[in-house]
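Read through the structures below before going on.
Two complexes come next, and they have one chain in common, subunit A, joined by subunit B in the first and subunit C in the second.
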Partner chain A sequence: MARLIKTEKEVEGRYTEQWVVVDEDALEQWPAGARDTVGRPAPRQDGFQRARGEAQYTADIQLPGMLHAAILRSPFARAQIREIDLRMAEKAPGVRGVLGPGTGPLTDEPAYQGAPVAAVAADTDEQARAAMRLIEVEWEQLDPLLDPDEAVRRNELVEEPNHDERGDIERGLAEADVVVAAEYRTQSVLHNSMETHQSICQWEGDDHLTVYISTQFVWGVRERVAKHFGLPTDHVRVVCRFMGGGFGSKNGPGDYTFVGAELARRTGRPVKAALTRREENLDAGNRNATIQRLRIGARSDGTLTLLDGEFVNSTGWDGWLASTGGPMRMLYACENVRTVEYAAKLNTPPMLAFRAPGFVEGTFGLECLMDELAAELDLDPLELRRRNYAQHDAMDERPFSSKNLLECYRRAEPHWERREAVRRSSDGTWKRGVGLASQVWYGGGGPPSYAWVRVGADARATVVTAMQDIGTGSATAMAQIAAEELGLPIDHVEVSLGDTARGPYATISAGSSTIPSMGPAVRSAAADAARQIIEIAAQRHDREQRSLSLKGGRIVCSDGGSWPLEEITCLLESGQILGQGSRGPNPAGMRILTFGVQVAEVAVDVETGEVRVDKIAAIHDVGRVINPLGASSQVEGGIIQGLGHTLSEERLIDPATGTILTQTLDAYKLPTIADVPEIVTDLVDEPDTHLTNLGSKGLGEPPIVPTAAAIANAIRDATGANVRSLPISREEMLRALREASEREQVGASAT
Partner chain B sequence: MPLLRDRIVDATTLVDVRAVVPRGIDGTRIGAGTTLGELEVDPQIPHALREACRLAASPQLRAMGTIGGNLLQSTRCWYWRLKYPCWLHGGDRCFARAGVHREHAVFANTPCASAHPSDPAAALLALDVTLRTDRRELPLADLYRLPTDDDREMTTLEPGELILELDVPAPEASTYLKAMDRRLFTFALVGVATARTSGGTRIALSGMAPIPWLLDGEEALDTATPLPQNAYKLEIARALIRRALAEVSA
Partner chain C sequence: MPEVRVNGGAYEVDAPVGRSLADWLREDVGLTGTKIACNEGHCGACTVQVDGVPVLSCITLVHRVDGEVTTIEGLREHPMVDAFVRADALQCGFCTPGQIVSATALVAGNPTPTPEEVRHAMAGNLCRCGTYPKIEEAIASWQG
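This part shows the complex of A and B:
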């Protein structure tokens, strides 16, 4: 029965209360451990298509008569357009449409470099860009606000500050035997997805619009585009079959889609609006920079008495307050915790979600601070974490739906115990060490999400749902779940996705939510289909329904009889078995989180400041693992992205003008394959017995959360240097080494 | 090509010079059309140049990029590449000096703080290479000049002049060491080439001055004029020079 409930919906750590209609989640969870298909490695079903170049991404789509849009963007961080002349552009070869400020997102008061100002649609991309350069603009440059602390002082904020406090900080200070204070900084980094942000908009008449778009949320794009153009939502169709990366930056339609749709409407032609790599580095979102002023206090036995943090996010002109203080509030048992978070409104491009927004930054600060405290207390860093293990969610005294972080710590021990040997392997100017950091993040998913499963006469099944696989392999996981429930080999199951006109509503692929939101819906749809098959088989073979089950492509009876599934389904001829399923509610009154720990081994050349990461062991607890092969790929991807964040990536801004200096991939330094260390993945794979019919949480984000702190802590172990700023460039490493050696000299002269 | 694409260089015609520029290695003579990929694997080539080629760019780029072209690379200065109206573009100030200059020059960095990006150029400078163009022979050091207010060119090539060949004398020992922001495929923060001949040991630097920089002994590092964000380069250079000298010492 459909049930109306009020539930907390969480995406990327942001909670909203909302009503949802859910069906009961009546299925029992499968027992823990690998099943016939679920829990066993499955190569991704579209792997060959992708490898052969046959997969059609949005970037590959060419429609008959399609025009190309080019968007003129502000070259200044803050400016006012005095005058704009579009006439030359309108007359340029191939041009079919030109838009100026005032239409959709196009503005004459750009407040960051890259803000869209005007747009051209032409027969070819080259013509569109040539015409765009003919637009004459008379600018008045204005002084940009770039300093986040200054913005906080002036109360220039994107949203209200978030003050959160439990216990009493003064009491925590009084009870502390040791207090450590430090300031940490993290840089702004860019998603730089392989496929740049892009869409193709095609109108049919003036009231039906199809949008092909590289997106993490086809339904979200549908809703916002329909609202923007005042269309019934079912008149907008959004398609994303293959997707070349998003990492949080493709959760919405983006300005380019509104511009493209408007140009398509005016020209009567399909319009592709695709960002260039430079535009991708300007106006495609970013992980905002942070300043974290932190204090930690503890008794001499390591019991935390105090956690106190002020977090200033350089949010940019728009965006939201990412929860940089989240790890401080959630990771440890501590009675006295205070966090204050600010979202500084600056004349810099707006932030967007980026793989565990806030928590990546906040975990760097908190977990480095924990190790600095461990050094002060002369305590083993792993032991310090065990002594402050949170048994329940202290923010609102809720139990965790499941938590196996202690098991993660136990499994980390063999890696952690290599410390002595690794240190001893230091050689000449290369100092070696081992560090670890813990991880907490969301990843429970939630309703609503729906799936259908269709079984044909040939006993093959298709999962139909309008979710999207953003490159994570989630589609293959859905096939595994359906195959498991239907007792079919996985190659008899296909997944149809990525089209709002061809399947029911499905979750956003963000916040590590695809598997925990969609997986249970797919299982429930497959179970509905399986129930119908058994009903038919029971009648056909005159058996009790409860004596029948599906296994290995057969209908199996407890009396020993069995029949190929096809013998039953072929009775249908052109008919089909149709199963329906939906995501049930989350367990009430519980906190659903993911946990983990990473152990890094590094080598530091203390003369040149070169940091080499030799190995990272990643142990994470995300409930039941559907596809261990896909899961280890996710872990590796997260760690590699974290490695870039830790060591080499940084969006640089000219301090006088606020313009972006790193617009190309020679200046913005992503890691290469040569930078990638040995990665060992170990997943606890224990179903969360309270969470859905699967017990699975998401894994997209957890692996990137602790990487920077684990590396920084390994650097401290190797050299005694406290790196406090990301990226750990040569200059930051050499600064920290210099500071450590000065500290040592002061210490030596004091004794 | 990137300069054309970014409209820093304007051209209506591109001339393919492959038919007139020699390619290949013959003893100490290297055709200017020889690719970095060919140089890095050839055992006749001095170690410093092989290393400089191996540590440059990516395998794909090294398979296309020629040694002659590599010597004439423009700076990676982001202000210059983004067409700020800077001194090097004919303007009156260097934006990097007041702005972000962590990758910039520590020698001869006024009025322009741009850094020369070529790894092979530093190696060839240490190796005391002679160039032959279609008009003259000249030591590699004379190919480069520090720009002045009146003439902001960084090379002495005349319009239409083509580098055809390099004469690379065999050293007794040579090497090239490179500090980068990642393991591969990025320009040098600091590149150090050393080459020992019977006449002595030469040290040349990449990424440290607007042109490949011949360093008059290790102590000459003290004459550098680092900017607030790039003094770290000197620390790295000190260590790499010591190592590179040790590697080539008799």
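This part shows the complex of A and C:
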């Protein structure tokens, strides 16, 4: 039954109390462990469609009469348009519509390179781009602000600083036997989804709009597009059946969709607006660079007395303040903690969420600092972490809904114990070592999310919900959950998704929230359908309802009788059994987090600064695992993105002009198959007994969080060098090695 | 009018000079299984075979094609497709057709490549989701 409750909603660790309508979650959790379908490896259901090139992505959709849009973007980091002449473009072959500054997001005062200023729609993509080049602009170049510290000094901020403090920093300093201070830096990295950002907008009349878009959130796009054009939300339909990667950059409609929809409105034709790869590397979001000035203090036994950090995010012209200080506030039991976070407003492209935004950057700083402290204290880094284990959430004294980080540490031991052997395998200039880092992140999901389950006369089921599968395999996980509840083989269950006109509201595919938000709704809908089937079967076979259950495609009675499900469902003829379900509330007053630890083995050539990662063992606690096969793919994918972030990827900006130097995939170095180390995945797979009818948390983001710090700590183990800046280029590696040898010489001359 | 042979059929090339093989396949022939991700020859998503050799179709002019083109649509029944799905060697799937075209070209001449040979042959096909370990597994087990 639906009820109105006052509950806490958590966004990025901030709680607000608000009224929400939720359905009670009446189902008991399944016992821990693998079941008939849930907890067993399942290849993805749409795997053949994708692998055979049959899946239709937004990039593949061709509508009759469709025009192509090209967007003219600012070549300068900061400029003012003195004059713009659109006439040549308007007269160019194939051109059907041209927009200038002042329409929608198009601006005559671009404040970063790549900001949209004008747009053209033409019969072909080539014609649109040719016409775009005919737009004549007289620019006045202005000095860009590029230095984040300078922006903080001038109070040029995207949002107010976030100052968070508990305990007493001065007391923490006084109680410390050892204090370590260090500055860490992380670079800006680019999502580079293989399918670039794109959408097709098609109007029916002047008040109904359909948007086909490569997105992580069909409902969010619907909301924003409807608002932009002043339409009732139900007059906007958003479709995303298949999409080619997002990683946080495709949570919203993007400027290109507003431009495309306006061109479609004016021309009366469907308009596709697709970013090129170069545009993708300019104006499709980024993980912002950070500067982290950190201090840690501890007693000689390793007990932390102080954590203190100033975090300057290079947020860019727009965006939001990602929680770079989050890990420092959340990971360890420490009474005296202060974090101050700034979102510097710069003339660089706006940041967008990128797989665990803030926490990837902040974990690099914090977990490297922990190892620098361990070295000072001459303590085992794993032991140091155990001694500061947080039994409850120290930020607001909440209990965790579940936490198995100690179990993760226990499972890390065999990998950690290889240290001596790995170090001994150092060979000539190649030094080897082992490092680890812990992980904390959100991933509990929440309401609202809804699902329907339809069972027909053929005893096959379809899960209907307007979620999207961005490549994580969440659709297959939903099929597993429904199959488990209905006692059906998984190939008798299909999932229909990706269309706001063809299913109920579903969560955004971001924040590791799809399985913890959608999974319980799907189970609840399947249980509703199962209940109805059992009611019918009880009447047909004259049995008590409570003696019947569904298993292996059959109706099974506790008296030993059993009948194929189809014998009952065939009575439906054209009728259908319709189940509905929704996501219940989160447990009140609890902190729902994911945890983990990664252990890295590296080799460093101390002569050339080359770093090679040989192995990463990833142990994570994300509650119940629905599909171990898909889960291991998520872990590997997160680690490989983390590997790029750690060693090779960096958006380079010309410090003189603020223009982006890395716009292509030969300049911007993504990991290739040849860069990948051995990856060992180990998931604790213990249901969170307080969380929903599944006990599952999300896994999309946790695996990328600790990778950089684990690698940097392994480098310290191998060489004694403190790398403090990402990416760990050869220059950074050689700098750290030089600094370490100078430190050693000073130490030697002092003694 | 010139013709290009694709997956066993012949297609007339009615396209302006400068049209890429990728655009021609996707828009003129309607074979959208070949994907374009960078459109400048850096990522491998658009890989097709010409006489069995992997070629980047986004930087190949359709008028210069001299040989039999095989796209993912011509490889749909190849056991490599099944191997990729079994091993979960795809996530978003956008690079996957190109990966499979490269992988089938590799095993055509070398049915049991070493891990080193796999890494060498597949290093030109980028996957942002990071399915590489599963791709290695798929190619190692493609014969079932």
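Keep in mind that, in the parts below, the second predicted complex is superposed on the first by the 738 of 751 C-alpha atoms of A that agree within 3 Å, B and C clash if a C-alpha of one lies under 4 Å from a C-alpha of the other, contacts with A are read in each partner's own complex, and residues count from 1 in each chain.
Convention: contacts are C-beta pairs under 8 Å (C-beta built on N, C-alpha and C of every residue); 3 or more make two chains touch, one makes a residue touch a chain.
Bear in mind the structure is a predicted one, so any value in this text is a computation, not a measurement.
Novice: Once the shared chain is lined up, is A:Thr672 touching subunit B (first), subunit C (second), both, or neither of them?
Specialist: It touches subunit B and subunit C both.
Novice: Between subunit B and subunit C, whom does A:Glu24 touch in the aligned arrangement: first, second, both, or neither?
Specialist: Touch status of A:Glu24: no partner.
Novice: Does subunit B (first) or subunit C (second) touch A:Leu629, or do both, or does neither?
Specialist: second
Novice: Is A:Gln56 touching anything from subunit B or subunit C once the two structures are fitted on A? First, second, both or neither.
Specialist: So A:Gln56 only meets subunit C here.
Novice: Tell me which partner touches more residues of subunit A in the superposed arrangement, subunit B or subunit C.
Specialist: C
Novice: Regarding the shared-chain residue A:Asp654, is it in contact with subunit B (first), subunit C (second), both, or neither?
Specialist: In the superposed model, A:Asp654 contacts subunit B only, not subunit C.
Novice: Pick one for A:Glu417: touches subunit B only (first), subunit C only (second), both, or neither.
Specialist: neither
Novice: Does the superposition put A:Gln663 against subunit B (first), subunit C (second), both, or neither?
Specialist: A:Gln663: touches subunit B, not subunit C.
Novice: Once the shared chain is lined up, is A:Phe48 touching subunit B (first), subunit C (second), both, or neither of them?
Specialist: In the superposition, A:Phe48 touches subunit C alone.
Novice: Per the contact definition in the header, classify A:Gly245: touching subunit B only (first), subunit C only (second), both, or neither.
Specialist: A:Gly245 sits against subunit C, while subunit B stays out of touch.
Novice: Do any residues of subunit A touch both subunit B and subunit C, and if so, which are they?
Specialist: Shared contact residues on subunit A: 664, 666, 671-672, 674.
Novice: Over in the complex, which subunit B residues touch subunit A? Could you list them?
Specialist: Those residues of subunit B that touch subunit A are 76, 78-79, 81-82, 95, 98-100, 102, 179, 181-187, 189, 229-230, 232, 235-236, 239-240.
Novice: Using the touch definition up top, name the residues of subunit C that touch subunit A in the complex.
Specialist: Those residues of subunit C that touch subunit A are 26-27, 31-40, 42-43, 45, 71-73, 76, 81, 84-86, 88, 90-97, 100, 118-120, 122-136.
Novice: Touching subunit C in the complex: which residues of subunit A?
Specialist: Within the complex, subunit A touches subunit C at residues 43-44, 46-57, 59-60, 62, 191-196, 242-245, 247, 276-277, 470-473, 629-630, 632-633, 636-641, 664-666, 670-674, 676, 679.
Novice: So in the complex, which bits of subunit A are touching subunit B?
Specialist: Per the touch definition, subunit A meets subunit B at residues 429, 605, 607-610, 612, 647-648, 652-656, 659, 661-664, 666-667, 669, 671-672, 674-675, 729-731, 734-735.
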